[in-house]
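Quick one: this structure, given as structure tokens, is what I'll be asking you about.
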Amino acid sequence: EDVTLQLKWVTQAQFAGYYVAKDKGFYEEEGLNVTILPGGPDVAPTQVIAGGGADVVVDWMPSALAAREKGLALVNIAQPFKSSGMQLTCLKESGVTTPADFKGKTLGVWFGGNEYPFLNWMGKLGLKTDGSPDGVTVLKQGFNVDPLLQKQAACISTMTYNEYWQVIDAGITPEQLVNFNYTTEGVATLEDGLYVMEDKLSDAAFQDKMVKFVRASMKGWKWAEENPDEAAMIVLENDETGAQTEAHQKRMMGEVAKLTAGSNGALDEADYQRTVDALMSGGSDAVITKAPEGAWTHAITDKALQ
Amino acid sequence: MKDTINLGQPVIAAQGLNLVFQTNDGPVHALKDVDLTIGKGEFVSFIGPSGCGKTTFLRCIAALEHPTGGSLTVNGMTPDEARRKRAYGYVFQAAGLYPWRTIAGNIKLPLEIMGFPRAEQEARVERVLDLVDLKGFGKKFPWQLSGGMQQRASIARALAFDADILLMDEPFGALDEIVRDRLNEELLKLWARTGKTIGFVTHSIPEAVYLSTKIVVMSPRPGRITDVIDSPLPRERPLDIRDTPEFIAIAHRVREGLRAGHSYD
Amino acid sequence: MIARGRGPLPRWLVPALFGVTLLVLWELVVRLFAVSPVILPAPSAIAARIAGSGPTLWADFVQTGLKGALTGWLIGCAAAVAAAIAVDRSPFLQRGLLPVGNFVAALPIVGIAPIMVMWFGFDWQSKAAVVVVMVFFPVLVNMVAGLKATDAMQRDQMATWHASYWQTLWKLRFPAALPFLFNGLKIATTLALIGAIVAEFFGSPIVGMGFRINASIGQLALDMIWAEIAVAAVAGSAFYGLVAQIEKRVTFWHPSQRRQ
Amino acid sequence: MNRVLPILTVVAAIVVLWYGAAVAMNRAWVLDQAARAGTEPPAFGQMVVATMTQERPVLPAPHQVVAELWKGVAGQAITSKRSLVYHGWITLSATLLGFAIGTAAGIALAVGIVHNRAMDMSVLPWAIASQTIPILAIAPMFIVVMNSMGVQGLVPKAIISAYLSFFPVVVGMVKGLRAPDAMQLDLLRTYNAGGAAVLGKLRLPASMPYLFASLKVGAAAALVGAIVGELPTGAVAGLGARLLSGSYYGQTIQIWAALFAAAIVAAGLVAVIGLVERVTLRRMGMAR
Amino acid sequence: MKDTINLGQPVIAAQGLNLVFQTNDGPVHALKDVDLTIGKGEFVSFIGPSGCGKTTFLRCIAALEHPTGGSLTVNGMTPDEARRKRAYGYVFQAAGLYPWRTIAGNIKLPLEIMGFPRAEQEARVERVLDLVDLKGFGKKFPWQLSGGMQQRASIARALAFDADILLMDEPFGALDEIVRDRLNEELLKLWARTGKTIGFVTHSIPEAVYLSTKIVVMSPRPGRITDVIDSPLPRERPLDIRDTPEFIAIAHRVREGLRAGHSYD
């Protein structure tokens, strides 16, 4: 049975579980032939699945829920990432020490569906993001951490497992930085989850296939958590660009393991509710306007994890 | 054979022909009320001051220019239909050789287009190159030739295929007297042999008189025909016919016509 | 052969008709097959979006079209013409600079854009810089070819008058190069807009056509993406048309402009 | 020697300027780091060294780029994923296919436009409009659609590449095919030459200078197209993928190396076209 | 004033001049061992069969072509130095007008280059347009003119400024007899007034004899000088001088020279 998985980003340890499952034959054991499509800056998983380019995608919940409200019926079938790895990293010398200092500063943000957690947070802080005087200036951040190094922004978005370390690698010490973690700030939203199209789920054969897929994937994730270095090497082998480095992937794997720890793959309803509440709290700027119905299911994980 | 040889129907018949060019500073009346009938097998020379419309008239016949008034037929058809029947061989006032083709290649061009077999093409190229005294220059490119040689190549090109109507716009302008005499003779021979109808623009009065059965004198602003002289000379014309009194008389009449055209403006 | 149907009307009527047909077909397909708006929105939806988002679209256009693309186009084209003349001026440079110039031929925007953002910041200056790099080569190549496009006799004339290099350039070679130059300029107009939009993918303020497209992909607001694409198409075509119109005026003497 | 010396001179001049710029542009970081560490800014000599050995320079020094290039080209087996030759070939193959399609389509369209009044009026405006659509915006949609139709790999990239390269060819060739002057056309009219003959014997040969200028631009555009086309396929391989991953990890030197690799490919293509141009023009007696 | 007027030093001195063109199918010996001295204020005509090297020789004088052997000086300098001193006015065999300039613009071109004041430019354009009978055509573009008119425009352009040496390559080839006579007279007047040195290519024997103080007869393959005839005619030449026995004698000698050149190959 063929399954196509669309990742949210390029091949890296963030997606180690899937590569491990493929490499270690977990998918094969389930009788699946899985194709993993790496993502990239201009690949929106929602768009790919809407166009029929994939059976299942890795996406962040804010973007998936927003798409659902737009009429693209995505359903979360599993949630390998328990906690959020997103943070706002600032240079101390820019004068930011608490969220109260954001006003008037320039902040780097990822767009393309990744901006929702940030917008939501700013909404909570009561800071305007549209460039009005007593708000913050938002930059659409590129792919890298240069804006911080070049001091084009006071703070930039980073992931605990990736960009943060790039800042460190560039020669800035942790003491020179201030990190605002979304979880600590109480604005965390769910990150990498597995999503499929709702209408397909009514097909028993597809359901069955997804059960096998999730089971094998979670097996992969747990293996990766236990053997982070080997998992990183597997990722490295699968990176066709040849640009990833061993050290970076091993470290990333270590950090990612912290985020997947505590998830068996099943979506925690409380986490889901927290995410929905957060996304709806923005008032007129709210990411979603009404509580979604049927945006997740335990049907797959229930069967997969028994 | 003798003089007025309007055998059969007219090949070219112009009636009340007018052509006005619209230019950035007003209209130019290039041809005004031109009436002319040319019979089959005639050799007609056009002579007249610079800018009087000789080229324009030839271009009208060849359907390269469209008259703005009057009627013009060629073999009873519109010029455009005649053009489609490949009735014309045209020697332009400037040589107009394609720079990317050798001399032989340029001469071959119409032959290729008209679908002559390859061997025939070669043979014809050789023949006309010889005719215009350019043997051995076939492989040169146009810019490697002198002005007069280019002009001869362009004449060769028009003679390489057998058009019924030959239109030649000052073909011998850039040639010396001796070559010119030789080519005049060759042209007459060709004409006698093939019975082509020839329209010929020249500035040389002796040349016009020597070659033509009919001489059309034109005058400018607006371009019109001021005199049409039917030549009483016999068809067979040795070069020394140019010293006969008839010849000198016609030449005189042409010169007077030309002078009149000039004094006009 | 000259006058047939040459009024100003048919000139735009035919493509317009073609376009309208295309739009109607598109609308029909979307409606008949109930294509999801997150895959392909109907023209009517796009039109509604355009009508409803005028100020946003305008602000985006000013940022990307006028500040980014136009500035970059002007600088890039001027630089390319200057370089072509420099190359032409000295045979030494001709042999040295041209190969190096060819080297910049295809500096891919994907690589240039992040560097420019790093050098010139997030705002339109970095987009203009990307556009400069993008339009440089087409204009250079065409201008160099154009400067060669004089014929030997015209050059000989200049020689007999002992015209200086600059006189020959200005009075002979530059006019003779114009038909080529305008080819380069026209190609550059479309490249400029693409370049400015694409460069915004690599970092930008939160205004601009590329930013809007990128942000809208995440929101699956395909009507907005298509609205921006429509603006880009109209603005780009208008810009191209303007350059073509100027070309018509200054190269009126070239056979390609005289009706054949 | 005659050909090499000027190139060397220009290159040398550029390298000198470049080193200067590298020092100037990378200085800020050295100063910042010193300030952050609370130490005195380094003296000039040390400063120069410091600006040329950074891992993430604003502008890498030439030798850094060359070293990276060398590592990418000669440092590994050419089949390795870390080899620039491997990635260069992937991009080049899409470029060549796209360039071939684009050139053929461009010439065909130009011929149509010149010979057919209806096409003259309807095609160009749409060709222009097509070029104003930001590729990076529609490329993902396009790839998704192609993917669902089962077309993958080289072809979608080549199509994007062709889409970018056909336009310069159309514009140039329309002008080139219309370049013959009135007398040259009139000559063929007197022969009642058909459209094919006018095209083959006059318009095409007369358009050669325009054609080659267009081809050079088209080849460069094809390369850009191939690289852009690599992004939405997940940027798995090719110079575009290298550029992107370099950019993603802030590896400026890697970006520059990939940029140079792309530029070398482009310059190679342009040089080949230039060579064909010279040979053709010489055979046509036009190289004087 | 009388015949041989080698006043002062020679303006143009060629000694053992050779020029070989390398072409795709072998070398072409365009000029072979040409010796010629032209004094200041002379009017020298070159006559010879098509392709004998007249244009090439003129081009050598104007430094547009570089001899492959022998020596050539102009005013004691190399031709190139003379060119840099703007010693030449050159009328090319083909008109070569710039299509993006009007006729007036074309004539103004050398004046702009030589830095004449604007008012003076206008005045000169008017004067030479009148001289070649193109009054009123200043605002037209070259392609709107007939062949002869273009040629006249190109003559006007060379006459608009005052070069010491005037080189004219078949300037009157495309003109009718009457205009030609008029321009011949004008040219003689200009020459008498200004004392220019003139090199003049023509295919017309009477024209050569009528205009020149010296007639150079050339012959082709390889191009060389076969005869140099110093004209005994007075400097003052009414048109009817063409009927005097001296005139006819010279014309005869030229014709013989020409004929000899032709029979050669």
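Residue numbering begins at 1 within each chain, and the chains themselves are lettered A, B, C, D and E in the order written.
As a convention for this text, contacts are C-beta pairs under 8 Å (C-beta built on N, C-alpha and C of every residue); 3 or more make two chains touch, one makes a residue touch a chain.
Protein names from UniProt, one per chain: B, E = Sulfonate ABC transporter ATP-binding protein; C, D = ABC transporter permease.
Since we're looking at a predicted model, the values are computed, not measured.
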Chain labels contacting subunit A and also subunit D (ABC transporter permease): C
Chain pair, C-D or B-D, that carries the greater number of C-beta contacts: C-D
Mean-CA-position distance for subunit D (ABC transporter permease) and subunit B (Å): 53
Chain centre separation in whole Å, for subunit E relative to subunit C (ABC transporter permease) (CA means): 50
Inter-centroid spacing, subunit E versus subunit A (mean Cα positions, whole Å): 86
Interface hub residues of subunit A, defined as touching at least two other chains: 41-42, 44, 47, 51, 142-144, 146, 150
Residues within subunit B bordering two or more other chains: 94, 141, 143
Touching two or more other chains - residue numbers and ranges from subunit C (ABC transporter permease): 114, 118, 152, 201-202, 217, 254, 258
Residues of subunit C (ABC transporter permease) touching subunit E in the complex: 153-154, 156-164, 167, 171-172, 175, 251-254, 258
Subunit C (ABC transporter permease) residues within the subunit A interface of the complex: 36-39, 114, 117-118, 121-122, 200-207, 211, 214-215, 217-221
List of subunit B residues in touch with subunit E within their complex: 21, 23-25, 28, 47-51, 54-56, 93-94, 139-141, 144-149, 151-152, 169-170, 173-180, 203-205, 255, 258-259, 262
Subunit C (ABC transporter permease) contact footprint on subunit D (ABC transporter permease) (complex, rising order): 2-3, 6-11, 14, 25, 58-59, 118, 121-122, 125-126, 128-129, 131-138, 140, 167-168, 171-172, 174-175, 178-182, 185, 209-210, 212-214, 216-217, 219-221, 223-224, 227-228, 231, 239-240, 243-244, 246-247, 252, 255-256, 258-259, 262-267, 269-271, 274, 288
In the complex, subunit B residues that touch subunit D (ABC transporter permease): 59, 62-64, 83-86, 88-90, 92, 94, 96, 98-102, 109-110, 112-114, 141, 143
